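First, the structure itself, so that you have it in front of you.
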Amino acid sequence: MPRFLLHRLLQGLVSIVGASIVIFLIARLSGDPILILLPNDASPQLIAETKRNLGLDLPLWHQYLIFAWNALGGDFGRSYRWQMPALQLILDRLPATIELAICGLVFSVAIAVPVGVLSAVRPGGWTDRFGRVFAMLGQAMPAFWVGLLLILFFAVELNWLPAFGYGGVSHIIMPAIALGWYPVAAQTRIVRSAMRDVLDSDHIRLSRALGTPEHWIVWKYALRNAAVPLLTMLGVYFAAMLGGAFVVETIFAWPGVGRTVVEAVFSRDFPVVQAGVLFTSILFVLSNLLVDLAYGIVDPRIRADR
Amino acid sequence: MLEADAITKHYRTSRGTVRAVEGVSFSLPKRGTLALVGESGCGKTTIAKMVLLLERPSGGAIRFEGQDIATMPRLALKAYRRRVQAVFQDPYASLNPRLRVGRIIAEPILAHERPGRAALDKRIAEVLDIVGLPAAAARLYPHEFSGGQRQRIAIARALAPRPELMVLDEPVSALDVSIRAQVLNLLQDIQDEYGLTYLIIAHDLALVQHFSSSVAVIYLGRVAEAGPTGPVFADPRHPYTQALLAAVPLPDPDHVLSEAAAAGEIASALHPPSGCAFHPRCPHAFAACPASVPPPHAVADGHIAACHLLQETHA
Amino acid sequence: MLLQVEQLRTYLHLRRGVLRAVDGVSLHVAEAETLGLVGESGSGKTMTGLSLLRLLPRGAGRIEGGSIRLDGQDLTALTEADMARDIRGRRIAMIMQDPMTSLNPVFSIGDQVAAPLRYHDIASGAVLRSQVIDVLKRVRIPSPEQRLGDYPHQFSGGQRQRIVAAMAIGCTPRLLIADEPTTALDVTIQVQIISLLKRIQQDAGLGIVLITHDLGVAASLCHRIAVMYAGQIVETAPVRAIYKAPAHPYTQALLAAIPRLHATERRLTAIPGQPPSLIDPPEGCRFAARCPHRMDRCAEPPPVVDLGNGHSAACWKLAA
Amino acid sequence: MSHWRASLLAALLASGAVGAVAQTPKPATGNLTIAFAAEATMLDPAKSAAGVDQYFFGQIYEQLVRPDPSLKKVNWLAESWSVQDDGGKPVIDVVLRKGVKFHTGDTMTAEDFAFAYNRLRDNKVSRWSHLQASVESFEIVDPYHFRIHFKQGDGSYVADNLQLWAMSKAYFDKVGDEEFGKTPIGTGPWKFVSRTIKEDLKLEAFDDYWNPTQRPTVKNLTVKIIPEDLTRVAAFKTGAVDWIDAVPPALVEEFKKMPGVTVASYVSPNNMYIAMDAIDENVPMHDVRVRQAAAHAVDVDAIIKGVLFGQGVRYAEVGPGELGYDPDLKPYPYDPKKARALLTEAGFPRGFDIPCYNLTSPREPYQKEMGEAVFAYLTAVGIRCKVQGQEYGAWITFGRRDRPGHIDGFYSNMWGHGLPGDAGTAWAGHVHTYVPGAGWGITSVHSDPELDALIEQLKATMDTQQRDALIRKIARIKRDRVAGGLTTYRPVVTFAWRDNVTFIAWPTPGFWRNLQQIGLKQ
Amino acid sequence: MALSIPVSEPIARRRLPAWLRGAPWLAFLVLTIVLVCAVGGEDILPDDPNGLNLADAFRPPFWAAKGSAAHLLGTDNMGRDILSRILAGSQISAIVCAYAILFSGCIGALAGMAAGYFGGIVDAVLMRLIEIQQSIPSIALALILAAAMEPGLTTVIVVIVLTYWAWYARIIRGEVMTLKGRDYVNFARVAGVGTPTILVRHLLPNIFNTLIILATLQVGQVILFEASLSFLGLGIQQPDISWGLMLADARQYITSAWWLITMPGIAIMLTCRSANILGDWLRDRLDPRLRQL
């Protein structure tokens, strides 16, 4: 187990470093922050001096090494725009984004599992049809549309939920739905097909042959087996939600990393972009690691393989 | 013609080293049929894969006409690939579902020579005829055939480049009884007609006895007993061979099966027992068995068995 | 009679047509008797076994006619809920072919062996645990107390098949359907499972329907044998009669086609051709096309000829 | 006072909000939550990067001179000030108001302005150092009296409200640079309480505010940041906030009809225009007739009505209410026939293809659609636009001449930062010929010696009257020659508040969101 | 004998060729219409999709009060005919989908085949690349790339390709690893067939189904991805029209003129749903193992 974990961590580290290089390079292709930073009539000397101060005059690989070395020490540089440590800017926003991503994921799983299971058990049934239409809507409507419709209906019309902001449970319901609706379709599909495969399997047939009640077969025996492929995807979905949250964050005025990074890109605030993306990569690696660990809980065979 | 000299194959996995094959030697004369017999996981398929160059031995050498196939010059290797062909167990997995039968059969030919279109078609028709299929079969896809017919196609494909050695990996175990007899007969006919040499991998002892001229019984990567089929089956000297033979249920209600011959189950190649790997299951095990690996012992001409009991009695 | 099946017909409604998997099968099993259902793949023997439990492929499989009586009670008349509660696992149990896949990989074996006992309300709590240990002991799992929490992958193939057997006999069923219980096992393990089944039968007086394609296994385990071909039973006889005096040409051909240990003949007698499609089977004798004794009358359905001593076969040659 | 400004004031009076001004203030009580669309980055006037920052730190910091709600300039932290002459070099002499206290309790003195001056002109700290470029030295006469000595005349300095924010030297010395930016301390009506980036800014009414007649009557103010228009509207409708800025133009009519809601619209001195390349001889707009054709081709009024729902005010070079506004100077009338004729005259009877760059992450409502509409009108007369979008980061550097590459067509642009001064600074940037390193024409794609001379003269003129005349003169030439781009409109910003709120809009320099007088109805 | 009949095979009733039974005709129809519109060019547009007519802005669809038969689906904020814009948008959306899917599919398939077939160091490197790609939030990558390049059609396609190739590669890699163990591939190796031949003859045809299915699933994702980019102003740019752009622009009028967002929304929904239904159907038909995607 520890050896396996170590291996995964090392691989994750490679990914994180790779991601940081990629982001570092493309970010620098996207334009020069100096002109955004400096006053309109900045002299060429001032421009040169500022470049030197920010280290932007060095060759790219050198800049990257400096960045990487400092990052190892927890220093991701200062935001050009916010004039504060980029790390702090990102870390302050991170909890809200993680909370949103987790709730979005919980929403999608909470819909996908029952719908997927029931539509595998009774294809063409009520849940199957309704569930698929529901899932399809999430897949065909961009999050900003979903978000606005939710606000118009649940906040403005019904006044059940607050229209915006970060706070208690009631605040997170609509953002979580707006974020979590999109992957419902894909997750339902996974659960449904995994359930169909499991329900076709020998051990389920044996359970039936031994008189196991159907609800027991479906919700206890088969679901746990079907959870494995869903789990595999959850790590990837979690990362996608972290990264894709900016639309929802904007719509619901949610104080998260997504918006911060988007604005940082617009203002070529490289340290913030780098720190933001790096932390999302780290979360991606960590969430995949968690998924790997969760496998072991759900599937004892995998436990043994390590 | 084919000789294995103390070949070993170890796989390194996260849980440790799997000793799939541990120093197996055998030799296969031209036109002979050698059967590798053993229970699942004993390493017989790995040996076949090494002969087919699908795996590289970790140690030892496989020699074809005296030449080590691992160090063969390019040209000889190319020839080797033509001269050695294979038929695998599953007739459903061994034919590419996207290719027509004619193309499937043509492939091994085209890998080695460039006959003209007409010559190629003729060769295809020929081999199809040998396996008892009409020439028209070349235009169809594999899924249009039954299991037995597919295995015939697989045989035709293997025959197409005119090989000299055929590796048959459980060639009939996926087939029904009535079809099995057809395919076995076909394989024998082909051998007789074209003077082929067979290396057959099987777990069905009755089939092996029926089909092969010599046999090597493998247990956990080592040869337990080997020799000409008749003497080995008539007078098995290794307790494992004895147990195997005793365990075969015969289509005879008067035959009584003996459960006692081999207790327990085959150990894992990951943690093989010390000394003679069979000792935990052996009814005759004694002190020497866990202590050291028994060397092969010649009990008769060409008949060897690796058992400490034989050492004791003959010492 | 423990089990009495009359003229059972089970069809599969597939996209490409109606497949007559079981087409007029009659058989019976007495207490403490093992009936071997022997045939090649696609002969309908597994579908027959599943029909007894009424566990047919959903949406496609249907029992079209005939009766299945267990201790005189017609199972075809029962509701699905009754089948699940009173019959499956409780009175008829089943073992499947592949011990590697017939256990749920993500639940401990203690959990799985206990499950039938629990939902058939046979035991719970500490009693349940002791019963589980007891039944695992009966199938000779060493030190079951320590292994209840282990998962299927921690057991070898033979042990897994023993655990499956433990699940099947936990509720002391009257009839056990064993579908190729040894096919996926190595010979040395196969012997162990065969003797286990024998012992279970002796202990519990259980009727067994053994579904197999292996004439060797059938010979070593069965009291009577029914040979199936293309959805129908072509010959039924006590085990001795089948092997010593096979009456039906198919049975004869089958016995001739298998290589035998210690036999010396170089060539096997192959059966030419292939079994017919069950979607559109021939009118008369279904073996006729491959039969060496074929005659004109074979175009009509053959009569079941009673040869005495419980031996019967469906063949025109015998009727003549 | 112009008609326009009079009508605005009338509207304000009619809204009933002004009535509270003269009464003796009661201590501030209660809580109020409001929402802004945009968010500040820095709360430090020296480090602030964008005009939007002033919405926030403008509540906390104050300047020497400021416009009142009727846009009249009044002395604020300065008791009095005057421009004097010191041997040919101008000097601004300032006498400070006494008794003004910082939120820390320290009294504001000339020392603080000296500190502010030094900080603002330090180009390592300040983004606004160029505004202090013509200052030679800062002289403290006594604690309430200082003089700013100039190298040469700097009209913008006066026009832009003397450019100095009152920053506490004592506080800076105590807490240092980092904290100074994080926890701002000023003299303004609101004390900083806390700020959560991307979420809100919490303020508390400053009890010791020097101007008790013009201070908030609510104790605690929370400014929420809600960037998405409809969400902000929803927040208002659901009662989560009682005041919002930037009501989306499409919804202004709906808001006006809402019972219990007051709506007020103000012109933002952001001046939108369509810049065009006129220096490259190969580009058709080098020819004044083509530029005039473009000016005739666009029906700005129709766009304002249709695209902006009327939430824009058309202007010709200088907007109403600004210094140098000339009511007789009219924008080009929409006349596509004349536009085509001019094109033909200029040698483009079949028109031409030209790249057009549009800002796609808008800074003003419907700015993107506005650009699309303008380009569609241009295309209709034969100036066939190949539209290319630009996100903000690219757009902000796009027009700069020190950027590699050059501008070869039309692009949507605007000016207005640092206002309300007057047009001088902006024109120096985008009308005057580009002079590398000298600060002239930094975003200019135009070159006209006559205009250059006039703009330079304007820069040096500190007298308001003279500036007024000069600006009128330049504006007329600029209009006739369509120099430095085609002027279009100034956006209107609309605020809405519930009737339990009292509010008088004060312009934060240029942007109207000063919460000087906001409160709850008793 | 193991029971090999899938539980879900429905009862046969109709008399169509077997492979066409249960085919999603409606989905076919919708996609055909979209394709016809996409290739129809300007000829099929009832009106100029960029024809500004401010006087005629915000006209509701024909069935509503004030609607007009001249603009069946109404007009937008600048008086442009929504039907024409949707039809014109189908062209851009189809181009984006086609190129994005083609390139991400090809790159992903090549990478996946290389990783799966050669294994070892090639696999390790490609797997890390895939993981790197997946660990960078796709929208951040898209954003930075779009900022680095000029926003517009090409950028959108490049961004989508960079985002999705890893998805293909990962799945194809898994496929190839399974296929590689197949006996027919082993046999080809035994027979001395060259690696290129094995890749082209034995692997490519067998992953083709997977590629087709993945492609149908990607249609909806591409359209929505482009909408997200448009939300930020980085998607398709005027005067090109895409459905995502229409949607993003129309959100400001969601309360005042519902049809602006609803009409392109319905077009997206129908197309996505049809592509997915088609993909599901193909998957069930071609390759039941892929149901998990």
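Letters are used for the chains, namely A, B, C, D and E, taken in the order the chains are written, and counting of residues starts over at 1 for each.
Operating definition for what follows: a residue touches a chain if its C-beta (ideal position, glycine included) is under 8 Å from a C-beta of that chain, and two chains touch if they have at least 3 such contacts.
Remember, predicted model here, so these are calculated numbers, not experimental data.
Taking B-E and A-C together, the pair of chains sharing more C-beta contacts is A-C.
Among the other chains, the CA centroid farthest from that of subunit B is the one of D. Distance between chain centres (mean CA atoms), subunit A to subunit C: 52 Å.
For the pair subunit A and subunit E, the distance between mean C-alpha positions equals 22 Å. Note on chain placement: the centre of subunit C and the centre of subunit D lie 89 Å apart, centres being C-alpha means.
For the pair subunit A and subunit D, the distance between C-alpha centroids works out to 39 Å. Contact of a single residue of subunit C with at least two other chains is seen at positions 41, 97-98, 213.
Multi-chain contact residues of subunit A (touching two or more other chains) are listed as 30-31, 148, 152, 202, 205, 265-266, 268. Under the contact definition stated at the top, the residues of subunit D that touch 2 or more other chains are 230, 361, 391, 393-394.
Subunit A makes touch with subunit D in their complex at residues 30-32, 35-44, 46-47, 53, 81-84, 89, 92-93, 147-148, 151-152, 155-156, 159, 162-166, 249-256, 259-260, 265-268.
Chain contact summary for the complex, subunit D toward subunit E: residues 229-230, 248, 250-251, 254, 299, 302-303, 305-307, 358, 360-362, 366, 368-369, 372-373, 375-377, 380, 385, 387-391, 393-394.
Listing the residues of subunit E that touch subunit D in their complex gives 50, 52, 54-55, 57, 77-79, 146-147, 150-152, 232-234, 237-239, 249, 251-257.
Residues of subunit E touching subunit B in their complex: 182-184, 186-194, 197, 201-202, 205-206. Residues 39-40, 146, 148, 176-182, 184-185, 188, 203-207, 209-211, 233-234, 243-253, 255, 257-259, 261-262, 265-266, 281 of subunit B touch subunit C in their complex.
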